[in-house]
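What follows is one structure encoded as structure tokens, with my remarks underneath.
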Amino acid sequence: MIIVLKPKISRPQENAVLKEIKRLGYIPHIMRGVARTVIGAIGDERTHQSLETLTAWPQVETVMPVQKRYKLVSREAHPSNSVVHAGNVAIGGKKFQVMAGPCSVESEKQLMSTALAVQAAGATILRGGAFKPRTSPYEFQGLGEKGLKLLAKARRETGMPVITELLSEDHAEMVAEYADILQIGTRNAQNFQLLIAAAKTGKPVLLKRGMSMRIEEWMLAGEYVLSNENPNLLFCERGIRTFETYTRNTLDLSAIPIIKLESHCPVVVDPSQGAGRAELVSAMCKGAVAMGADALLVEVHPHPADAWSDGAQQVTPAAFARLMTELKPLITAVGRT
Amino acid sequence: MIIVLKPKISRPQENAVLKEIKRLGYIPHIMRGVARTVIGAIGDERTHQSLETLTAWPQVETVMPVQKRYKLVSREAHPSNSVVHAGNVAIGGKKFQVMAGPCSVESEKQLMSTALAVQAAGATILRGGAFKPRTSPYEFQGLGEKGLKLLAKARRETGMPVITELLSEDHAEMVAEYADILQIGTRNAQNFQLLIAAAKTGKPVLLKRGMSMRIEEWMLAGEYVLSNENPNLLFCERGIRTFETYTRNTLDLSAIPIIKLESHCPVVVDPSQGAGRAELVSAMCKGAVAMGADALLVEVHPHPADAWSDGAQQVTPAAFARLMTELKPLITAVGRT
Amino acid sequence: MIIVLKPKISRPQENAVLKEIKRLGYIPHIMRGVARTVIGAIGDERTHQSLETLTAWPQVETVMPVQKRYKLVSREAHPSNSVVHAGNVAIGGKKFQVMAGPCSVESEKQLMSTALAVQAAGATILRGGAFKPRTSPYEFQGLGEKGLKLLAKARRETGMPVITELLSEDHAEMVAEYADILQIGTRNAQNFQLLIAAAKTGKPVLLKRGMSMRIEEWMLAGEYVLSNENPNLLFCERGIRTFETYTRNTLDLSAIPIIKLESHCPVVVDPSQGAGRAELVSAMCKGAVAMGADALLVEVHPHPADAWSDGAQQVTPAAFARLMTELKPLITAVGRT
Amino acid sequence: MIIVLKPKISRPQENAVLKEIKRLGYIPHIMRGVARTVIGAIGDERTHQSLETLTAWPQVETVMPVQKRYKLVSREAHPSNSVVHAGNVAIGGKKFQVMAGPCSVESEKQLMSTALAVQAAGATILRGGAFKPRTSPYEFQGLGEKGLKLLAKARRETGMPVITELLSEDHAEMVAEYADILQIGTRNAQNFQLLIAAAKTGKPVLLKRGMSMRIEEWMLAGEYVLSNENPNLLFCERGIRTFETYTRNTLDLSAIPIIKLESHCPVVVDPSQGAGRAELVSAMCKGAVAMGADALLVEVHPHPADAWSDGAQQVTPAAFARLMTELKPLITAVGRT
């Protein structure tokens, strides 16, 4: 920790800060500069109490942490890339993976036709929502366990592992029974009780970035999974909230190289939510591949305009097949298969 | 709903849109403008399925909803101001209320000394966190039920009703047993399962605004409380996330008159989180009073630099007493007591 | 400057950093912490070249400045409040000032009727745009010099000093001839050539905050005025750009106490642009008064729906008179006249 | 234009709105819905005065434009891609172009060594700043005309056309004499006088996106160039301001497909400003290529840590050469040369 004192502080005021630093277990180290006195507080910031409370002291101008606050998700802790296994599929290895399927599971027919179509086009994991977090209580909230059963059936028939969203701590065991990957949605990205419940099932957890989550906060939310004995964490960028209104969210593709730099966990990109418009999905997928993502999560629906949720951002099976064809040269160009 | 077609659309493409609008239960109404054809879809947007899925159609440029999506929280539904009762305290009436206390309950001594001090200065409701959502899993997570028991004890001794945060659906009943108002924190503002669980306890629910929640989304989250048979909802502005880094969040005081315009529910302001710096808390409280807030929620700690969480933004009992004195002429100036 | 090295850096890599710090005129000071080595670089950050370029070095993790970069606008440089004089009006003193008038000058009749009405209601400075920066080239761009002449005439007839926007370096002298205060608009807040041209006229400069300007950047833009021999600077908060779409901008009233804390310059609040809706203007004005602003800048138009620009956010003379009456008790409550 | 009336409006109030719509030259068209009455105002929104002023009327809830406000930059106006020529280089055609060079021109040696190095690595246009907009008046402001002369010399010796920033209307002719492309920086993106001055030189104009500019505003700023008889406009995405602090700005790569969809003008990406960290530049360049950009603008400096401005985000000539090699397979994969 670095503590910057305000200008013209008396020696007793300075001593009070030094005493407090020692009381909290750090060794203070004074540097007298031209305009400010700066104190370095030496000690492990992750095991000692934070000194940020010193900001409340009238003689203190700022307190700046030196260490990063995340441990287990960091590359320092695990220098090589982690590979997460879901069913027979490995995410984070040389093979680029594509998760595809409808936003919401609506019926057996809708799910099965989509599953077969995306598999034929090259998808390796089936996505589909059974529990849907909806901004309004008057919108369709998902089929619930019935949807999970349909997903499990689609898995049996196609062999594809299944990813679906977990909304409630109370459902963790039930969802884990049917799904291969538990998805934590953007609105729950800092619902730490849900993260802990998901981690404890032992299943891989895909953690979507919160709408206004800084990279550091996202990594710390991931830390809730890894510190609960579950090493199978996937980060999923899906767009952040900005002032721009042309798209529903601003897909922050630079999160890919940043997470790769800071962490060992695989990175997935969900362009559907970022685009909010099916016609932009294709370009975003290409960018994600080029920038080093390990997998995509794409919403596909047999008849998007019919969809019970988020129809505007789902692509048709035909458009998805075209997308997969267009992605191939890029996947090769970045040295993946 | 208003559907704007792209320029130069063929008649069969247009007819397909009309057919879909009818299929979803609306009556279409065509207007041929100079550059675009616009279709009005007449029907109740809150009972019919949304037409926003039409955005996925190639012939459609935009779909614009006409109605507001919230019902029960809106002033249309309930033209006069709602008053919410917690213990013997009424929030939303002529009397301006102040909720104050420590960010986290740390010990009986810390809580009781703070409670007595804030009561002496004029606070009418005691706040204190027993379960704390922390960005990092390595930070202090609250005393849990032990903290709730201390709050209940403080209530007995001071007569002040108690507000505390609810973090987990599984704790709803337990927290409701000890507390008079359940607080839903900013990270859980769209944790709809938690909102439903809180609503079902019947206790008043204070809903903090999510970090990047638009007013409409906040109102819709509130709708989850009212539509679960609980009319006792308080909206609490606590700062939104912007590009500014001087303060931790940007307190959006304009939310006060907007909520007052759109809704009948009382508005509370929490300047502690918005300021992130105790020295700015006072000015923000004055602004909140002047702009029509019904209550304040202020973090007070006997020794802020010692606090186990968020020390930087807590004020001392002495500063709080000064603040209360400074607020008085403003409270009078806006015609409250 | 504080330089944090990455973990596990070799001694020669560390020495290279130390050598560079010395070469740039600072004295390095090493602190070896538990997880990182930190170097304090002692020297005046405002006269030496920045060390931030070290971030490009592979062995460096972060570089953190310790000093604030603004000098002349800071309270350290001038501890007491500055008072800026425009005509016979003093801004920043005990008397609260109100600048009011139409967004654009449209005609003599429109300007004169508004000027007389706002003066009767208590305004002391007349505002009106002669050159208008418009998002689209197809919108009304202002009456130009003809508008300036009308403003000068209104000043003669009412005795009120006049504030108007300066858009182009080439107009600086002409606008300064007619106006008492030069307004720099939000889109030009970092048009440094314009700031220099405005400063050189010697007239007071009102600097609106840029749409996404951090406090520090705003202060530094103000520094362009003061460092060009013009001490008459007014900061004007008018709303920042955020994700919220209910209002056109988010009025950041917390900027008032922050500027007061950091700087000696007066603070003006323009709620018209922040609200984008006349019905919210009143509450925002009250908040501004309560939080310590020195003046308001309010758009008033005899027939807002007729206005040639920004009609939605202008209030009628009658609404303005009501507003002035409502503000009085608040102005008294904060100890001003 | 679509005008939504508030619920329960009287017939005379409705008639007043209809009258005003007619007065402004539109033909009103009424639709009575379930909860609201909606009026379509038929007429060309780009030649008639806007109806948005109606928002100020008490009986009006919202006013929604139907048409896009930009004309000449839109794909509707010019369906095929525009190609912009600078010297012997065509931007927007099949060949992918790379503009590279130092942030600031510092000396002949620095510029020439960088120019030769980037040319050898495959760059086709030389960038370099002679006038620098700096957040603080105490930072290096560029070499001015001396820098322009060095750029002209580098052009003679390498044959590469030159791009440099224009800061002041007063310099437009001088800069146009030396440069092949005039760059308008992010802080001046809505400095309309500067855009007009740049357009009038007839030279191609590269318009960087403002820090918080919506796509529509950016297109409208471009409209200032095209409507001043200059068809040679390049849009340049360089990162927008968000809440994220890991990078200096958030590079919004989705702007590429959006601009391609809405406009015929070429799109350039400047990853240096978006990344703020040289180590992320490479990934961002790859994303830009994959998503359909026509050119890159990359800051290269022989010794980044020595640079007089923005050292942290400049790459070395060696890193640039590596980058160019890495980009090749991606450029081929998207069908360009």
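Letters are used for the chains, namely A, B, C and D, taken in the order the chains are written, and counting of residues starts over at 1 for each.
Just so it is clear, a residue touches a chain if its C-beta (ideal position, glycine included) is under 8 Å from a C-beta of that chain, and two chains touch if they have at least 3 such contacts.
What you see is a predicted model, and the numbers here were worked out from it, not measured in a lab.
Chemist: In terms of C-beta pairs in contact, which of A-C and A-D ranks higher?
Modeler: A-D
Chemist: Work out which of A-B, C-D or A-C repeats the contact pattern of B-D, with more than half of the residue-numbered contact pairs in common.
Modeler: Repeat interface, by the over-half criterion: A-C.
Chemist: For the two copies subunit C and subunit B, is the contact made of the same residues on each side, with over half of the numbers shared, or of different residues?
Modeler: same
Chemist: Compute the distance, rounded to whole Å, between the mean C-alpha positions of subunit A and subunit B.
Modeler: Using C-alpha averages as centres, the distance is 25 Å.
Chemist: So, what's the distance in Å between the C-alpha centres of subunit D and subunit A?
Modeler: The separation of the two C-alpha centroids amounts to 30 Å.
Chemist: Nearest whole angstrom, what separates the Cα centre of subunit A from the Cα centre of subunit C?
Modeler: About 38 Å separates the centre of subunit A from that of subunit C.
Chemist: Enumerate the residues of subunit D that touch no fewer than two other chains.
Modeler: Residue numbers touching two or more other chains: 212, 241-243, 245.
Chemist: Once bound in the complex, which stretches of subunit D touch subunit B?
Modeler: It comes out as residues 2, 4, 7, 29, 31-36, 38, 40, 42-45, 64, 66-67, 76, 212, 241-243, 245.
Chemist: For subunit A, which residues count as touching subunit B in their complex?
Modeler: Checking each residue of subunit A against subunit B gives 20, 46, 49-50, 52-57, 69-71, 133-139, 167-170, 187-188, 190-194, 210-212, 217, 220-221, 223-224, 227, 241, 277-278, 304-308, 311-314.
Chemist: Quick one: which bits of subunit A touch subunit D in the complex? Just the residue numbers, please.
Modeler: 212, 214-216, 240, 242-247, 250-254, 256-258, 261, 274-275, 279-280, 282-284, 286-292, 329-330, 332-334
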